[in-house]
Amino acid sequence: MTERQLARLLRDVRGGRVSVGEAVERLRALPFEDLGFAKVDTHRELRKGFPEVIYCPGKTVEQVLAIGQRVAERHRVALATRCCPEVYEAAKEEFPNVTYDEVARVMVIGKPPRASGRAKPVAVVTAGTADVPVAEEAAVTAETMGCRVERIFDVGVAGLHRLLWHREKLEKARAIIVVAGMEGALASVVGGLVSAPVIAVPTSVGYGASFEGLSALLTMLNSCAAGVAVVNIDNGFGAGYFAAVVTRRERR
Amino acid sequence: MTERQLARLLRDVRGGRVSVGEAVERLRALPFEDLGFAKVDTHRELRKGFPEVIYCPGKTVEQVLAIGQRVAERHRVALATRCCPEVYEAAKEEFPNVTYDEVARVMVIGKPPRASGRAKPVAVVTAGTADVPVAEEAAVTAETMGCRVERIFDVGVAGLHRLLWHREKLEKARAIIVVAGMEGALASVVGGLVSAPVIAVPTSVGYGASFEGLSALLTMLNSCAAGVAVVNIDNGFGAGYFAAVVTRRERR
Amino acid sequence: MTERQLARLLRDVRGGRVSVGEAVERLRALPFEDLGFAKVDTHRELRKGFPEVIYCPGKTVEQVLAIGQRVAERHRVALATRCCPEVYEAAKEEFPNVTYDEVARVMVIGKPPRASGRAKPVAVVTAGTADVPVAEEAAVTAETMGCRVERIFDVGVAGLHRLLWHREKLEKARAIIVVAGMEGALASVVGGLVSAPVIAVPTSVGYGASFEGLSALLTMLNSCAAGVAVVNIDNGFGAGYFAAVVTRRERR
Amino acid sequence: MTERQLARLLRDVRGGRVSVGEAVERLRALPFEDLGFAKVDTHRELRKGFPEVIYCPGKTVEQVLAIGQRVAERHRVALATRCCPEVYEAAKEEFPNVTYDEVARVMVIGKPPRASGRAKPVAVVTAGTADVPVAEEAAVTAETMGCRVERIFDVGVAGLHRLLWHREKLEKARAIIVVAGMEGALASVVGGLVSAPVIAVPTSVGYGASFEGLSALLTMLNSCAAGVAVVNIDNGFGAGYFAAVVTRRERR
Amino acid sequence: MTERQLARLLRDVRGGRVSVGEAVERLRALPFEDLGFAKVDTHRELRKGFPEVIYCPGKTVEQVLAIGQRVAERHRVALATRCCPEVYEAAKEEFPNVTYDEVARVMVIGKPPRASGRAKPVAVVTAGTADVPVAEEAAVTAETMGCRVERIFDVGVAGLHRLLWHREKLEKARAIIVVAGMEGALASVVGGLVSAPVIAVPTSVGYGASFEGLSALLTMLNSCAAGVAVVNIDNGFGAGYFAAVVTRRERR
Amino acid sequence: MTERQLARLLRDVRGGRVSVGEAVERLRALPFEDLGFAKVDTHRELRKGFPEVIYCPGKTVEQVLAIGQRVAERHRVALATRCCPEVYEAAKEEFPNVTYDEVARVMVIGKPPRASGRAKPVAVVTAGTADVPVAEEAAVTAETMGCRVERIFDVGVAGLHRLLWHREKLEKARAIIVVAGMEGALASVVGGLVSAPVIAVPTSVGYGASFEGLSALLTMLNSCAAGVAVVNIDNGFGAGYFAAVVTRRERR
Amino acid sequence: MTERQLARLLRDVRGGRVSVGEAVERLRALPFEDLGFAKVDTHRELRKGFPEVIYCPGKTVEQVLAIGQRVAERHRVALATRCCPEVYEAAKEEFPNVTYDEVARVMVIGKPPRASGRAKPVAVVTAGTADVPVAEEAAVTAETMGCRVERIFDVGVAGLHRLLWHREKLEKARAIIVVAGMEGALASVVGGLVSAPVIAVPTSVGYGASFEGLSALLTMLNSCAAGVAVVNIDNGFGAGYFAAVVTRRERR
Amino acid sequence: MTERQLARLLRDVRGGRVSVGEAVERLRALPFEDLGFAKVDTHRELRKGFPEVIYCPGKTVEQVLAIGQRVAERHRVALATRCCPEVYEAAKEEFPNVTYDEVARVMVIGKPPRASGRAKPVAVVTAGTADVPVAEEAAVTAETMGCRVERIFDVGVAGLHRLLWHREKLEKARAIIVVAGMEGALASVVGGLVSAPVIAVPTSVGYGASFEGLSALLTMLNSCAAGVAVVNIDNGFGAGYFAAVVTRRERR
């Protein structure tokens, strides 16, 4: 219920067109209806230009398409993450404007906003090539949310010069997403080099005592460099989303 | 070595005032000297108005004071975290301008920048009263780095209305630090309510299966709300610092 | 051996129809025979209307059918959980009255009691759609044990208004089963909203630091809301059974 | 805002005593004010006779007393858990009606409801004597919330006959709280013997591979007996509270 | 109730000296009384010469003495483990015949059976000197239960020749208790050398990645040598008891 | 080298038939040759009637057959554990006397000793039917090593009367192997009922917080019943072997 | 940029052949270009004769070949670890000189240096046959880096005499790689026997409480023998590489 | 028993000065005596100039002194680690030549060998100042074993330029010990910069998710840089010892 609708109801009460009892009845439900709609309203305004997101695992192709349909009606873009090719094949039949990134396993329904060329980019950095799928999930998410993305892949700390070579790019970024598995040390090293916020994504890349990403996760949480925050293991989407939120004002 | 200094050296070489051998000598050291100084330079500019930080545990009173001295000479403010009262007692003798927050256990040497009254605040939210010391560490850190801070304490999810009561404040914040122990659910709930970035700080508050903060940490990492990133258990400083970095442009 | 049988035996001893030696022989076995039978008796009375339960994993189709046969002879209904479709296909041949829920993977042999329409329902709430199979296991179990069930799915804390929208339903429930993976915060939020007992079921839905449900499990165990108890990860059956036990008196 | 207040406001709007704009203003704030008050109302009715609970760790003596004061004004009883003797000493000065259980470390301000003699009791069972403090926290909590409590201590599975000796008492209970450390097997054994709901409380009693209660916690979560739910390690309060909630209707 | 008592009761029923009703009454209680007594009987016979055991932690001095008193009246010896010196000081006043081992922290009330000189001994082996207290708890327990004990201390695998030097002693033992912390490899090495059963006791000796004994525990559980079973970390008593049970027949 | 051979060598030195240099040469190699052979000798004598054991995983069919061949030449029986049917198919071609247990996945080459009918049996007890494969591995191992085995399956603590019904059998056993997954409480309950040594085998049966057998493992390690020792998760062979070692003297 | 190139540039500046501005431009990039090239230079010299290494998992066949191509152009040998046969099949087509070890899953492109026959060998020791693939990865790596390797397989501590039999070989080794799963005790035993550095490789061989190699890892980290260092679980490559680095001087 | 002693014994047998029986007697003990002495011999030669090591925790002052006495008689130096000042105070009274390092908590009895000035040093590097005690334990150990040590402290990755500044020193080292807590990333960064073997020591410095050093341990085990091996958490001694063993030949 919008403020306008509320005023109209009250005018109807004053004008005798709606009884007090009936108004009480409608207003009693208000807190939650209102809460619901207000929330959507608020979010629509705040998240303007941001896609709705569908997390695909555990959903059938039909469910993903149905949700995508509903989102597409109301918003400019819908983002589907961890999306298998079958869903994309089916989506192509349904939607006029749908793209799919095989590496990132991200499907975008609709047309995302274009990033301004002048905006400072979000840098997405990986330690190795096996971290690229998670990094691409982050990159595509951020791009779909209007960020310009600078990709810097395979610059792990085992060959520090590769990273230092890209220092200028790192220093120009408004936010840096560091994607690393194994020992995950890259986040700390990048965090020590630059002053932009570093969003660290541990990956499950590795074996043995990497314990499916636990090692990289702990490393990143314990980073001795200030300005580093962490998302879940392999959560490229979360990092891309967070980077977009953090740089939102900046980009406009 | 600045670009200007480098040009001057080269002109001296051309003008014969500096021999090639001497220039080689000075330039050979350049990569690292330069790296070192450049880094400091870069950081000085980027971090302008940001305090240097001393993490006190494992340092003697003398060591903390010595580092503080060095920082105070070069910077406007120095921040000492996890600082016990004895250090403060000794510091009062040494420095003219030193303050200490007993709850946050943070000591500030020098005079931090004043936050602009018009800047959007960083909200610091706690689930319970036992989370307040960590929250204050975050708040004092952010304030010392120039942020305006809005404190919203004891609004854990067990009484959701307490949190909803403050929704407006939350929506006005540029970044929100959520400090919670036990099950740490507050980060997800706040993350679902607002669109500002949420920096989640798990605390070691709790007992039994909270496993010294592990429970809250995992909760926050697995947050189903997008826009949540996490720092180490009890790392109020890291959250305050990250919030300041994230909101830097905004505040000016 | 019932009290009546015991009295008859003693009268037979007194009347000389049974020798002392023979009676000693029969009574020597009594503690355990009796314990055994008494247990069954007790249980039959106490659990009246409750199905026997067959946990299928690790049992062959033949074993499940054989146990189902034995149960069906003595009880009104048998419940088989984590039951694969093959078992159901075979069971249809054997039993006249057998139903199967594909999502819940629960098979019911026989005819469960009908829940009274006036009974307060057990609410089964999920955070996401991927939690539905576990929730359905809980729901079908509770229904088979005579409960009326109110399903409220996909109301996770990331969109709090979805949950609040259903607050009335939650407040009318006699017991609430909350099924959630990832960070599992929903149990605390529901526990803070209502006064009915909350039975929390962590699910293995999630990835990375959800550690196969450990994250949600710890969250629920550390719930800051009072009135929350927890069952094993993915244990929908256990939650449905517990809810039925807890609301038994209520429902009659 | 109560329904009556809402109706009065609407009548004032109709009567022109309150302008539409002013009413919109007051109603806009309504959802949360109302939510707040409604919540309290609801809870007051639902929790009638239930004490407010103060969890003491991390609170100063003054804070506990202040909260106790506020609760005492509005409710019949306040329960303070994990309360050290110093708090009690101070509370005696402040409140006319305060009792303290040294073993349970529970303080009760005010006069709890008397349990009806006819009500079926809640049984509180421990495996060993070292589990008694946690058990007493559960027992005192349940008693303060109006339950009759039957204590059955030191009946661990190492001497099964001790437990069986009390089987009749167990069968008469409406709910059973099982408190056990070490291997925590007692919950399963009790769960197999009776049909009442079993609320299992793992304790940190033990050493070595008990890992501060983890062993008992896992045991109880994996209980092969149906009808067992679990609370946090050493969480006697939670178990007592849950038992009271579960048996509420029963007891009246 | 013994078989003889049962026969007498039945004869009394037959002879009319006891009514059927009265007999039913007495027999109804039988299962558990009988179970109780039978258990005690059985145990008394089976455990002849074995001490009753009091685990002291979590018990007051008074409680330990009271239990000791009760045991001393009925049995030849009582064993109190993890017993602090204060308990011993108090016990000396109460009991005529009490000894205390400071290293093992074991108190013995009464006079244990003497081990036959011809019996094959139980060997108690430690990796280091820091493992000795746990080893002594094992040794004293086994001795109190009638075993002859051969102590072989400080023969860890870092100096294999020390162990091999004692090979003959190891080969003569009927059972071998291996007590080791840190990496706990000694159990496997001993298990590979001899054919007697090896009872492995991990200790919490060590630091860092020994994780309070977890390392040694896992090592011992994964022993590639057959014939090794494991008890809890630091559970010298359990190992001594198990060794005594295992060698019981042997020793007589 | 036997003592006799050593004496002969020395007599040859004295008699000049062997030079000092040659004797030094032969004796220098002695420690390890002797150690090696002595070990084999010792073992042959001590382990008489015991099969050699081949652990199949990670070995090719050819490797298992080759080792089996070598063992078969020197010993009466060879035991191959975790053996897949393909190995058995191949072995049937090679060996005249080979049997295979599909459930236990154990292959026996050769003819094991017959257990004496008078020997006290080893009882193998399982909590559920899913534990049977591990239990059969234990049972077949013990039988192949000459034990008489009494199988008591599916007597978990959820239905205690099933276990108590078999108490007599348990009391007659010389050693009891308890095989249980999920919460693993059965070991403690059996350990409390009887005085024979209990060898506990946790299994990976279960789901969720059973963590692949960790729950049952911790339960058994923390058993409050004395006389319980534990082997690795799913290690039926180890339990059967340990039981055979423990009861060796007994059985002859 | 070498020192010589730098001097030439400066001379060009002096001689007016290069403008100051241009020189500044080239030197500005210097620190990192130089760092990069210097690093490669340094490494080329230090690692002379050492292969570049390609870790295959997460790389496509094409990617591995492309990297191999680049390495082959610049270096004598390239080593590809965890390489599946498909890659080898493709590589055979591309490179003239390529070998593949199926057990070690290592592919070598090019011709490694021949180890001097006089060099002390690196011993690679395994506890069991299932550890051989990891051991071969270590052995082939070390050989490709110029080491002579002595293989001693299947000498686990369960049969200590097998290990002692090889003591002379162990004592002659310059470094010893110990590869063991299950309880991993072999590293400590070898570490206690010899004075050469022991590089311990835990393997994921085992089941149950070996927790995928965690048990062996902890064992090796806690080794009571000095002179033992550890690499990641199953990291044969890392151990072989480390051994080669450690013995480099020695071998020449 | 040396070869010479053996020959003499044999000559005595030949010459009739020792009977065959007596010689058998002495030779029967030989394998182990010999093993023992041979081991000592071997070790004496191999470890020449290396101190014996006493690990103090769990030993009384008297025990440490007694062992020190025995070592001092036979060797040049004895090293006592984790040694508290009280031991040193007592040792000063007993031994003429004893030194104590308060930070490293290492006591040296006797006079260690002097490192040759020309030997390449072992570098000991720390991430922070709180890691210094562990680093000093490593440094003093290595020095006592004859190494020259280069200390490079407080060069953690948060300020990479600090580390790069010291690159030359790192490149000159024969082995590098990297001591780091928190996220432990320094080991990987150093491992990527140099070609010398890196011995990584995780420390328990940190809080929260550092889990007492687990984070740094996992980081180091998963290092993406080749040439890194790891010792136990806080095990400075082990790292120093390993470095000395690795560089032994080098140093001479």
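So that you can tell them apart, the chains are marked A, B, C, D, E, F, G and H in the order they are listed, and the count of residues begins at 1 in each.
Quick note on the criterion: contacts are C-beta pairs under 8 Å (C-beta built on N, C-alpha and C of every residue); 3 or more make two chains touch, one makes a residue touch a chain.
Please read all numbers here as calculations on a predicted model, not as lab measurements.
Engineer: Which chain's C-alpha centroid is most distant from that of chain H?
Structural biologist: Comparing chain centres, C lies farthest from chain H.
Engineer: Taking each chain's centre as the mean of its C-alpha atoms, which one ends up farthest from the centre of chain F?
Structural biologist: Farthest from chain F by mean C-alpha position: B.
Engineer: Approximately how many whole Å separate the CA-defined centres of chain A and chain C?
Structural biologist: 40
Engineer: When the C-alpha atoms of chain B and chain C are each averaged to a single point, how far apart are the two points in Å?
Structural biologist: Comparing mean C-alpha positions, chain C is 50 Å from chain B.
Engineer: Please compute the C-alpha centroid of chain A, do the same for chain E, then give the distance between them in whole Å.
Structural biologist: Centres of chain A and chain E (C-alpha means) sit 60 Å apart.
Engineer: Pull out every residue in chain H that's touching 2 or more other chains.
Structural biologist: 31-32, 35, 39, 128, 159-160, 164, 193, 208-210, 214, 217, 221-223, 226, 232-233, in rising order.
Engineer: Can you give me every chain pair that touches, using the contact definition above?
Structural biologist: So the chains that touch one another pair up as A-B, A-C, A-D, A-G, A-H, B-C, B-D, B-G, B-H, C-D, C-E, C-F, D-E, D-F, E-F, E-G, E-H, F-G, F-H, G-H.
Engineer: What residues of chain H sit close enough to touch chain B in their complex?
Structural biologist: 128-130, 159-162, 164-165, 167, 205, 207-210
Engineer: Which of the residues in chain E end up touching chain C in this complex?
Structural biologist: 3, 6-7, 10-11, 13-14, 16, 20-21, 23-24, 27-28, 30-32, 34-35, 38
Engineer: Please output the residues of chain A touching chain C within their complex, sorted ascending.
Structural biologist: Against chain C, the touching part of chain A is residues 31-33, 35-36, 39-40, 57-59, 63, 202, 204, 212-214, 217, 232-235.
Engineer: Can you check the complex and tell me which residues of chain D touch chain F?
Structural biologist: Contacts found on chain D: 127-128, 156-160, 182-185, 188-189, 191-193, 206, 208-211, 214-216, 218-226.
Engineer: Quick check on the complex: what are the chain E residues that touch chain F?
Structural biologist: 39, 42-43, 46-47, 53, 164, 171, 193-197, 199, 217, 221-222, 226-233, 237-239, 241-242, 245-246, 249-250
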